[in-house]
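One chain, chain A, links the two complexes that follow: it is found with chain B in the first and with chain C in the second.
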Partner chain A sequence: MFALQGRYAAWLFVAPAILLVAVFIYLPMVLNVGVSFYDWSVLRNEFTWKGVENYLSTLDNIDFRSAFANTAIYLAVLVPAQIALPLLLAFLMLRVRNRLLVRAYRAAYFIPTIVSFSIAGVVWLWMFNPIVGFLNTFFEAIGLQSHRWLNDPDMALWCVAAVAFWKGFGLNLILYAAALVGIPREVVEAADLDGAGPWTRALRIEIPMISPTLFFTGVTTVLIVMDEIVGVVDVLTEGGPYNSSSNLVYYLYDRAFRQFNFGEAAAVATLIIAIVAVATWLQFRAFERYVHYQ
Partner chain B sequence: MTGMKNSKIKIGRRAALGMGVSTAAVMVAGGAARSANASIDIVHFFSGADHPMELVIKAFNAKNLGVTAVSRQEGTTYEAITQKAMAGIAAGRPPAVMTTGWKLASFAKHTLGAQDLRQFGADGGAIIDNYKESVVKLVTIEGSIVGIPWALSTPVLYINTEHWKAAGLDPAAIPTTIEDLYAKLGQMQQKTNKAVLAYEVNEWEPQAFIQNAGGDVLDGAGKPVMDSAAAVYGMQKFVEAKTRKLWNPIGLSEMLTAFQAGALSAMVTSSARLSGVKAQSAFEIKLAKMPGLEGRPRRMNSGGNFLSILARNKEQQAAAVQFLKFCATPEAMKIWLGTGYLNTTKHDLPIPAGQEAAYAQLADGLTPETVWPGARGLEALKAHIDWISRIVNGSVSVPDGLKGSKEAVAKLLV
Partner chain C sequence: MSTTSKQRKGAALHLASRVAIHVALFAAVVVTLFPLLWMFTTAFTPNELTFRRNLGLLPAQPTIANFVAAFQIQPVAYWLLNSVITSVAIAAGKMLVAIPAAFAFAHFRFRGRDWLFAVIVGTMTIPYVVTLIPTYIAIVRLDLYNTLAGVIIPSIAFCGFAIFFLRQSFKVVPTELLEAGVIDGAGPLCALVSIVIPNTLPAIASLSVLSFLSAWNLYLWPHLILNDANMKTLSIGLKLFATNQEQLQQWGPLMATAVLGLLPALAIFAFAQRYVMDAFVHSGIK
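This part shows the complex of A and B:
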């Protein structure tokens, strides 16, 4: 028999997790930064030193700049929308007394989240079809002008944003609903006894009490909008017309796996890691102080 | 524990010897079978158990030639299967045979290491002898024959005959020039108020217009020349359909869906799509040669893919050669024609119903799909497509767009 004691025991227990994270996350990140300074021929396993040339050519590339601008638009539109609207719906859902109806709403809102991108994409492609699609048929029926939707460079990005919102808002909604239900009843009752109306109660009691959930969804929504929107982009527009709906991660995918330019793709990946790290750090700096864990 | 003790099986010396001998026999037999029957992976992107690609593989395996071909559908695009092939090559296990798009021919030779068929001596030569000289040229990259010309298609005009009849037009008298086509479609639009035309917005169909106008995308040395006066004229004819409001540019899948639903009177797409489009449509479809440009000689292009050998070891290469040998037979080509691709061989096979226009176009002579050379060829292709898309969407004029394309492509093809 032997006993695990002291700090060695703690290290032993966390070692598997640390090892996995080190091998599958940090090591590839470090290697990626290394590759970004080379022109890497995967097949011949040849590395040609390029210094910062991959970074310079990336920053100079008009497609990268357009992907960067689009990413900013997606974040500016989708992050507030995916936080505010599900929160509002969660509040409204709490006011519904009929349990069956609540379950039906919850299921209806959550289903898009669990539908795969490929299936959702096929359905939305049909909806957006400019000639036989539902949207134009409906628009024409009510006397509105029809559109080219995904094929229109001025609209493609907004179509992608709309589908990404439809696909993603259910998750936050469920999290907010669960957090709101978890607020101790006596707190809410005390607020009612003190004469707090629904707005005051929501702004002064409920939102501060679910601040850990709000903070968590704030951070994860940024990551989801950066990353998961790629599925929608790929199925609906493939970044087009002429990169008008692309984003940074899709640009990375395109450089690496369609054009097989791994050195430049590694530079793009490094830039994305830096952007995400800075964005997350800023979120922590700006909002963590407002989070109440008790 | 007691139960376990009781259930122990005693093995005597004779039984143990017998088991050893039988195990050895199975191993020897298995080893012999393995060396006699090589297994090769055929990578492609054709889905469906009854797809002609699967049927060709099945027919090959039924011959029991000592080679088992394993069908591996590893994606739905050339790029997707190329990615996976690259991963396999990097790991030292390249697919033996891979379906490769014409546009990736240079990439296949220089990066994927597609083998020159002539290095396989008489066998390689015998395979190539089955194909028409004009199509062998399409797989000849810098003097190497990088595969067998397996799938050949060409852009043709698909007609919904019901719309044409409804507009009082004769579906048997399809216009032979773009100018006449646009005039007829204008009449049709006035009468039917339907969407009348769709082109694919890619590099392939504009190439047809550029060539029919007397221009080229890249010249013989691989230099971009898509901004020549002739090329500008060709592209202007392409986008004229939009400026005349005959064509509202849409995506490929949307175009096919609309046509199959009977909501589109005509579209230009690959002749190889006929069987798929027919299967989903409830009206009579007619294929016509892609109209040329008035007063200019026709010079239509082709597309499709070839089967290349990527195997590196001798046994796999020999087995791959066996498979390609079968693909070059009339039996395999007959099965393959079920796809809608054109007959690239010298074998006299019946023309599949409905494909007469595509074969007539083939008989006129087809140029290859543009092969994008160099390490950044695929990037150059994308840059060109983006400029085509800008032109079609009206973001730039035709001359400016083609000039922009030339500049972007020239930087990447250095």
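This part shows the complex of A and C:
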């Protein structure tokens, strides 16, 4: 349709989007690799050739190593947690018959998703406050020990992970809930007739049936954990104490915008995209093997 | 006999498991919503009382003094205004770019269509941090540093999801309807405005709301570009406020500012809950 006049119109219609995506996403992505071989001075606005030096000094930097290790912990903890717990809640919600109640639960779990990272940050900063914050007041009231939370190098990372989880789990939850409701009734009823218990049914029927959604949330959760918890890190701890809660993106931010070492920061960005590419590739491999499309 | 007692036992177990499910779900609701309720409590508690350890959810002497104080301590009015301007501009810009593109991808045949679509949708898998440094350098060189335009323009480019989502919705509009329009002499633009858009308003509404919310919550990019206190958006102003107040101990006004930042998002969610959740859910379906 729109056979003749349409062709030119179509190109006009897609042109702005293509242009924006090319100029502000693909071009910077390529330039980033370029910048990573240079040093850029903000004041003089000059580029100096550094070769692979930015990469070598990055890999050698002890702060980078701890940021790298922390990122691995964040991924190892948050990706399974943000999949398993919402999935469990979605299964529980499936057993609730009252539709109004189901909607209320969904809305409640979803609310932190629409809260910005900085609001989530300041709200939890206040909850974690060691002197007058709610958590310590509550802990002492019920006879537990109070903690230093964000000021404790052994705890800060877990506090940040908890806040990131709190903010992120609702999104995956509503996706799972929608996918589970979408499973054809006959399939579930057939399993019931065959005498499958709830566990067998979940593991053999329901989880395989929603595997495309699980795969999708796996990919997006990796991206979110890599990319977006920087807001929580910045407001809650600024990566501290002693870099104990920093991650790769925060390290990049610190290198570029506090120490003005843009070349090294660009090198970190290149490493980040390499990590995400590998993680996504691994998930696609698993996807080919296990994901079931109806 | 034995069957009835078995049945009764089964029924009791069934009831117990139903109760357990509700207890678990309700406990999760409490943990999820409590920090936000606590934020509201603190925002309406006189600031001097926030230093007394207290576990009550209802403020003892409710007051709006914290809101008044917040506007005096920090340029919160500017932050709100800047947030509204950037969020509306980003959301509107994304729609302006995404609607025609999605229409072309859904209903036209042209060379390179599938390849171009893949290029656009592919941006959804790119971590935005890899664009950060070159874009920052470009913004500084173009003298857009510390301007709202410097925040808005690059953000509109992240429209991959919008185009993907709208293309799905536009495809539902029957080709016959569009062909009838063509026979009546409607050009492509006319068909878009008079046939496609009126028939897909719920999808467009969902996406506008989603784009507005994500722009309202932007953190890292405005944090890098907006430097003066008066130029900040609320999202990053809060960070400035939080950093300053650690010495000043102004938890009441800080929570009041957080409430102001959350209210627009909550209001949109309350009024357009179905649209917002639908948009998120569709983002996860294939």
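What we mean here is this: the second predicted complex is superposed on the first by the 270 of 294 C-alpha atoms of A that agree within 3 Å, B and C clash if a C-alpha of one lies under 4 Å from a C-alpha of the other, contacts with A are read in each partner's own complex, and residues count from 1 in each chain.
Here is the rule we use: contacts are C-beta pairs under 8 Å (C-beta built on N, C-alpha and C of every residue); 3 or more make two chains touch, one makes a residue touch a chain.
All values derive from a computational prediction rather than experimental measurement.
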Combined model on chain A where chain B meets chain C, clash or fit: clash
Partner chain in contact with A:Ser246 - chain B first, chain C second, else both or neither: neither
Partner chain in contact with A:Asn45 - chain B first, chain C second, else both or neither: both
Contacts of A:Leu150 with chain B and chain C, given as first, second, both or neither: first
Which of chain B and chain C A:Ala108 touches, first, second, both or neither: second
Touched partner set for A:Asn54, first chain B, second chain C, both or neither: neither
Superposition-derived comparison: chain B or chain C, residues of chain A touched: C
Chain B versus chain C as contact partner of A:Pro130, first or second or both or neither: first
First (chain B), second (chain C), both or neither touched by A:Phe257: both
Partner chain(s) touched by A:Thr221 [first = chain B, second = chain C, both, neither]: neither
Single chain C stretch clashing with chain B - from 60-68, 96-104, 114-122 or 222-230: 222-230
Shared chain A surface residues [contacts with chain B and with chain C]: 42, 45, 125-126, 129, 132, 257
Residues on chain B engaged by chain A in the complex (per definition of touch): 79, 82-83, 86, 89-90, 107, 111-113, 195, 201, 248-251, 253-254, 257-258, 261, 263-264, 376, 378-379, 382, 386-387, 389-390, 393, 395
Complex contacts: residues of chain C adjacent to chain A: 18, 21-22, 24-25, 28-29, 31-33, 35-36, 38-39, 42, 50-55, 96-98, 100-101, 103-105, 107-110, 113, 116, 119-120, 123, 125-138, 140-141, 153-154, 156-160, 163, 175, 178-179, 182, 187-189, 191-192, 213, 216-217, 219-220, 223-224, 235-236, 238-239, 241-242, 251, 254-255, 258, 261-262, 265-266, 268-269, 273, 276-277, 280-281, 283-286
Residues of chain A touching chain B in the complex: 41-43, 45, 63, 125-126, 128-133, 148, 150-153, 240-243, 254, 257-261
Partner chain C, residues of chain A touching it in the complex: 1-3, 5-7, 9-14, 16-18, 20-21, 23-29, 31-32, 34-35, 40, 42, 45, 89, 92-93, 95-96, 105-119, 121-127, 129, 132, 134, 137-138, 141, 166, 170-171, 174-175, 178-179, 212-213, 216-217, 219-220, 223, 226-228, 230-231, 234-235, 249, 252-253, 256-257, 262, 265-266, 269-270, 272-273, 276, 280
